[in-house]
Amino acid sequence: MKILVINGNMTQAITDGCVNAAREVAAPGTQVIGATGTFGPQVIGSRAEHALAQHGMLELGAKHGADCDAIVVAVSMDTGLPALREVLSIPVLGMTEAGALTACTLGAKFALVTFGRRHIPTYGELIDGYGLGSRCVGVEAIDAGPNAALADPAAAVRSLIELGRKAIDERGAEVILLAGAVAAAWQRDVQQGLPVPVVEGIRCATLMAETLVRLAFPKPKVGSYSSPGVRTVSGVDPAIARLFGPGD
Amino acid sequence: MKILVINGNMTQAITDGCVNAAREVAAPGTQVIGATGTFGPQVIGSRAEHALAQHGMLELGAKHGADCDAIVVAVSMDTGLPALREVLSIPVLGMTEAGALTACTLGAKFALVTFGRRHIPTYGELIDGYGLGSRCVGVEAIDAGPNAALADPAAAVRSLIELGRKAIDERGAEVILLAGAVAAAWQRDVQQGLPVPVVEGIRCATLMAETLVRLAFPKPKVGSYSSPGVRTVSGVDPAIARLFGPGD
Amino acid sequence: MKILVINGNMTQAITDGCVNAAREVAAPGTQVIGATGTFGPQVIGSRAEHALAQHGMLELGAKHGADCDAIVVAVSMDTGLPALREVLSIPVLGMTEAGALTACTLGAKFALVTFGRRHIPTYGELIDGYGLGSRCVGVEAIDAGPNAALADPAAAVRSLIELGRKAIDERGAEVILLAGAVAAAWQRDVQQGLPVPVVEGIRCATLMAETLVRLAFPKPKVGSYSSPGVRTVSGVDPAIARLFGPGD
Amino acid sequence: MKILVINGNMTQAITDGCVNAAREVAAPGTQVIGATGTFGPQVIGSRAEHALAQHGMLELGAKHGADCDAIVVAVSMDTGLPALREVLSIPVLGMTEAGALTACTLGAKFALVTFGRRHIPTYGELIDGYGLGSRCVGVEAIDAGPNAALADPAAAVRSLIELGRKAIDERGAEVILLAGAVAAAWQRDVQQGLPVPVVEGIRCATLMAETLVRLAFPKPKVGSYSSPGVRTVSGVDPAIARLFGPGD
Amino acid sequence: MKILVINGNMTQAITDGCVNAAREVAAPGTQVIGATGTFGPQVIGSRAEHALAQHGMLELGAKHGADCDAIVVAVSMDTGLPALREVLSIPVLGMTEAGALTACTLGAKFALVTFGRRHIPTYGELIDGYGLGSRCVGVEAIDAGPNAALADPAAAVRSLIELGRKAIDERGAEVILLAGAVAAAWQRDVQQGLPVPVVEGIRCATLMAETLVRLAFPKPKVGSYSSPGVRTVSGVDPAIARLFGPGD
Amino acid sequence: MKILVINGNMTQAITDGCVNAAREVAAPGTQVIGATGTFGPQVIGSRAEHALAQHGMLELGAKHGADCDAIVVAVSMDTGLPALREVLSIPVLGMTEAGALTACTLGAKFALVTFGRRHIPTYGELIDGYGLGSRCVGVEAIDAGPNAALADPAAAVRSLIELGRKAIDERGAEVILLAGAVAAAWQRDVQQGLPVPVVEGIRCATLMAETLVRLAFPKPKVGSYSSPGVRTVSGVDPAIARLFGPGD
C-alpha cells in the first residue's frame, strides 16, 4: 500500500515531520511518501492562506496521487479535503478530521490544543463542520504561532502541556487533540505530561487511510462526493484539469 | 460609493447578470463594477471547483478591490468570503450569506432553492456554517445544473417555482432563498409564481454592503478576521502577495 | 421614505435617542419619526413589562404606522416584533434582531453586552429564538440597569467597555452587540475603547428597514406572517381593532 | 388548594371546557376556578392576538390570583407564562409546557397536533423555546382553526386522529400532544382512536400545579424569574400596577 | 395508590432515605414501598456499575412491581429507566429525569449539582439524552463521592451549597437540581443556603408518578416503548423472564 | 495482535458471523476470537434486553478479555460499550460507533438502515449520544426483525437495498450504515445494490481496534473513562468483581 502525505504549504520540514509520523505507525507493508506545496503560503496561518492553499492541495493530489492508494492531508485545517475526496477515487483523510474521530473513541469529550490564538474560531468552525461540536469542549491555543513554536520546541511542548491540563481541569476534557502539523513530532512529549490520551492527527489519518483501503468501499456514484464529471477548468496545472476530464 | 462584484468563475455573462442585479437596487450614488475570474472553472459546480476558485476570488479582490468601498461575492457558494473578509479592510458580503440573513427578517423559516441536486449537501453545509441551520427547513434543487438552466430559462423558472411551492407546502417554508448566481436575473419571475417573499442574494448583498459602508465599523484588530500581518506567500499574483505585506 | 421608530416604554428621552441614532445613518431622502408608549412601563426591565408593552407596541404601530414605509422596534427585547410583522404590510425590524444579523457579517462570533444582570437569560432566549445561538458566545451585563446607566453615562460606558474586553478575551467574541435602547447614543464611545466592531441595533435596523423597502418584497400570503384576516378583537384602541379588520 | 385557570381570550366556553378538564383530574381537596379575558381577542389565533393577550393574562393573574395557590395558563400558546411566573410568587404552569414535559415521560418522541396550519411555526417556536425541540418530531395541524373545529367537533376529532396516525407512521411519534384549549374536552375521544398516549395540556398543568404547590419551592431571589421589584407602570388596571409595587 | 421505589445498589440506607423522601410528599392515600438490589454494586459510582445495575433494576421491577401503580427509579443515573418503561405497563419515573423536567418549570436554566467529579460527563450525557441540554448550564460536583459525603453530611451540605452558589453566580443557574440518591435527605438543608429553588429528584418523581397514575394513559401499542412481546430470555430470575412472556 | 469479539446475546451463529466479518478484514498478524453470552436474551431486540445484556457483556469482557489486545462489541446497540471502555485498559470499540465514525469519512451524510421499526428511535438515541446526529439523515428499518431476516436472507437483502435507495433519494444519504449484527454477512450483497458506500460496523470496529492498538494511547488517569478503582460488587461472576479490584 502506498500513502501520499500532502502538505499545502511550502515548508519541507513540516512535510518531513508529517511523513515521519506517518511512517512511525504505518503497517509494515505500507509505503509513505510526501509532497510539499510549490506555490502559496510558507506556513498556512490565516483564513486567506487556507483559501489559497486549496489550489495547491488540489495540484499536489492531482500530480502525485495517481499511483497511490490513499492520501493524508497534512495541514491541520484539513485544507482541500472535501475537494480531494470528491474528485479522486482513492480515500482521502484529513489529519484533524481523523484525529477528532479517533478522539471520540477514547473519552467523553475532547479539547483541541494548538498554536496561535487567532485560529481558535477557525478550528471551532472545522470541528462544527464535521458535526462533532458537541464532543469538543473547546479549543485552546498557545500564544505562539507555528513558527515561534518551531523556534523553541521545548517551550512549545511545555505550553501545550499546560493548556492541556487547563482543558482537562476547567473544561472536563478527557482527550487532547493536538492540532497543527508542526506538532506531529511532539505527540510523545506532550503525552508524557498529561493524564489523558493525546491524539495527533497524522498518525490517526495514516491508519484510517489504511483502514479505508482495506475496506475497499466503492466510489460513490451519486451525491456531493461523486465525481463531478467533465468540467471546463482553465489556466491551471494540466494534472488538475485532468481531474475534471472524462475519466478512464 | 463603489461596490465591486466579483465572480470567481470564467463566465462573463454570469458576472454581467450579477452586476445588473446589483445596479437594479443600489442607491443612486453607488457605482457597481464587476470582475470575472481569469483562470479556474468555467462554472463552479463541484467542491473541487469551489476550492480552486478560492484562489481566483482572492486574486480578483486583490487586483480590483483597491479603490472600492465594498465587495460582493457573486458565487452562490460564497467562495472566498472568509478569506477576503479577513485580509481586506473593506466590507465583503457573500450573496448567499446576505440572502439568508435577509430571509430571517421576512418569515419564520426559509428554504433554499437552487440548481443541481448534487449541491444540496454543500448548500446545507454553507447555511449550517453560518449558524442558520435552524432557520432553514431544507434545500431543494432542480435536476438541471446552472448550464442547463441557462439554456432554457423559462423551463428553469417553472421548475424553481414548482420546487418553491413544494418547500412551502411540505416543509413550511415562509421565504424562498433563490441560490445560484445564474438566477440573479430571474428573481422577479420566480416571485410572480410564489405566495411568499423570494430572496435573491446579489441584491441583498449589495444593499448590505452599502449598509456596512455607511455604518463604518473599524477593521477588527484582534480575532480571526483581523489582518494576518506580514506573511510569506510565493508564486501567486503580486496583488495577492501584497495582501500579506506590511500594509500601509 | 418614512421610517417610524416606536418605543414601547413611556420615556420620551429614550425615543429621542433612538430617533437621533436612526437619523444619523439614514439615507438623505429618509424621514425618521418617533412614537412613545402612552401606557405601561416607564422602562421595560422585566419579563412582565415586556409582556405588557406588547399591547403598547401594537397600538403604536397601528396608530402611527399607516403612512410609513417601515417600522423600527426601539426596544432591545424587540418587543412586539413578531406581532407587528404579521399584522402589518410594511417591513418591521427589531433593533436587537438587526444588530445580531449585522454582527454575523463582521466576525465569527459576537457577544451581547447590556444593562442589568437579570436580563442575561432573556437576551439569551431572544438570540436563541432567532436561531443565532451558535454565533453568540454569551451575554454580559453590567450590574446597573438602564436607569442607573442613564444617571452616570461615563461610568456606564466604562463598564460596557470593560465587559466588552472580557467577552473578547475570555469568550473569543469578535464583535460586540451593544443592547439596550438607552445605549444607542453611546455606540461611538464604546467603539473607541474596543478593538473589534461595536454594533448598535437602532442604526442597523434603520438601514435594514431601508434595504427591505428598496427590495420591495410582497407581503406573504401564506404562513405565520401572512395577515391573520378578519378577527374579533374588543376593548382596545380602534386602530388596533382595524388591524384585524377586512383590510383594504 | 385553589387553582386558578386563566384564559386570555374572551370566549367563556373555552374557559369552561378548561376548568372542567382541570376538575376532572384535580385531587379531591383541590378547588378549581376560572377567569376569562375582558378585552382583546375573542379567540387567540395569530401572533398579534397572542401579543395583545399578554396584557390580558397579566390582568387576570393580577386580579384573580391573590388568594390562589397556583395558576394554569389555559391558552395553548402559553400566553403570558414567563411574565406571570416572574411577577407572582405562586406556581404558574402553561398548558402546552406541562403537556410537553409530560409527553417526555411517556415516549421517545412526541408530535404536537393542533388546529390551523398557520400556527405550525409558532408552536414549533414555543417548543424550541422550552428547549424540547429534539424531543418533538413535528407539528401537524388540521386545516380548520379553533372556531371551525368547535362548529363540528366530530369532524375535528376525526381529523385530529388522522393527523395523529400520520405523525406516528411517518414521523415516528410515540406520544401525541393535543394542543389548543378548545381540544381539552376531546382528549378521550382522540385517545380512543390512537395507539399511543394522547396528552392534553390542561390536565397535565393542573396536576403539575398541585405538584409544585406540594413541593413548596421558595420564590427565586435572583435571576430572571425573581420579582422585578418596584417599577413604574401606568395606565393599566391597578391590580397590574400593584404587581410592580413594593410587595408585602 | 402504591408506589414502588427501587434502588439498584445494595445499600439499604439509601433506599430508606429515598422512601422517606417519597413519603414526605406523597398524597395521603399513597403507599410508598422500597426495594433494594440483591446483587451488583454496593453504591453505583461508575459507568460499569451503572451497566451492571440495569440487570438488578429489571429484577427489582419484575419481582416487586406486580401489584404497584407506579415505579420510582431511585438511582440518580436513572439506571434501567428506559428498559422498565418499555417492559412494564405502569408508569416508571426516573429521579433525575423527573427533577430535570420539574426544574424546567421553575427557572430559565438549571445546574445539576452532585458528588464526585468523574460523574460530570455521565450526568451531562443523561441530561442531553433527555433532550434538555439547552436548559442545563452545567454539572458541578463536589470532590467527595457518595460514600465520603455520607460520612460527613454537614460538610457535604456545605460543599453542595457552595457549588450551587458558584453555578448561580458564574453560569447563571436559576434552579439547582440536586442529584445523587444519597442527597435525598438533604434537600431542605441545601435549600436553606441558596437563593433559588433546589430540586430533588425522588420527591419530583413521586409526585409525577402520582400524576401519571391519575392521568391513566394507555400503554403504547406501537413504538420503542410498546411491549417487546414474547422473547426468549434465559438464565435470569423467572420474574424477569415473565416480563418477556405472552402477557395476560 | 488478538481481538476479542463479544456478542451479548446467546445466538452462536451471530457471533460466528461477526467473527468471520472481522477475520475478513483483519491484518495478517491479527487473531480474532469470539465469545457468546451465557445468559440473558437470545437476540437483543428491545430496550429491556439491551439493559439486561449489559451485565452479560461485562462478564464476557471480564472473562475473555484478559489476554486480548482489544475488544469489539458485536451488538449493534453497542451494548456495554461505555462500561467496558471504562473498566478495561485495552481499546474497546462498538460496531455501530465504529461504523458511524467511518461513515463520516465517506460522505456528507449517512443513513442507518436496520431491522425492525421499533428500533428506529433507539438507534437515533445511540447516534445522538455519539454527538453524530447532524451527520445522520435518519434511520430506516425493514419491518422484519433480525430473526425474520435470518429466516429469509435474500428477501432481507432486497429490503435493505430498497430502504437504502429510499434514504439516498429522499433523505440525501451519501453513505449507508448497515446496522444489526445479523447483517454483518450481507454487507457485500447490499453494497452490490447501492450506488454509495455501504458501511458495516464489525469490519470498521475491527480495523479501528487494530488502529488503537498500534497508536498505544495510555489509559486515562482522570475522567469518566479512568478506572473506577476499588469498588464493592457482589453476587456476580468473580471475573466481573475483579474488574473492580485493586488492579495490578
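So that you can tell them apart, the chains are marked A, B, C, D, E and F in the order they are listed, and the count of residues begins at 1 in each.
Criterion: a contact is a pair of C-beta atoms (placed from the backbone, for glycine too) under 8 Å apart; a residue touches a chain by one contact, two chains touch by 3 or more.
None of the values given here were measured: they were computed from a predicted structure.
Chain centres computed from CA atoms place C at the largest separation from subunit F. One of B-F, E-F or D-F repeats the interface of C-D: more than half of the contact pairs, counted by residue number, are shared by E-F.
Counting C-beta pairs in contact across A-E and across E-F gives the higher total for E-F.
Chain centres here are Cα averages; for subunit A and subunit C they lie 44 Å apart.
Subunit A and subunit F have Cα centroids separated by 27 Å. Multi-chain contact residues of subunit E, defined as those touching 2 or more other chains: 108, 120-122, 125, 128, 134, 172, 174, 222-225.
By the document's touch criterion, interfaces exist between A-B, A-C, A-E, A-F, B-C, B-D, B-F, C-D, C-E, D-E, D-F, E-F. Interface residues of subunit D, counted against subunit F in their complex, comprise 108-109, 134, 172, 174.
Against subunit A, the residues of subunit F that register as touching in their complex are 25, 27, 91, 93, 97-98, 101-102, 104-108, 130-135, 168, 172, 174-175, 191, 195-199, 203-204, 207-208, 210-212, 214-215, 217-218, 220-225. Within the complex formed with subunit F, the subunit E residues making contact are 10, 38-43, 45-52, 54-55, 57-58, 80, 82-87, 118-122, 125, 128-129, 222-226, 228, 231-236, 240, 243-244. Only residues 120-122, 124-125, 128 of subunit F touch subunit D when the two sit together in their complex.
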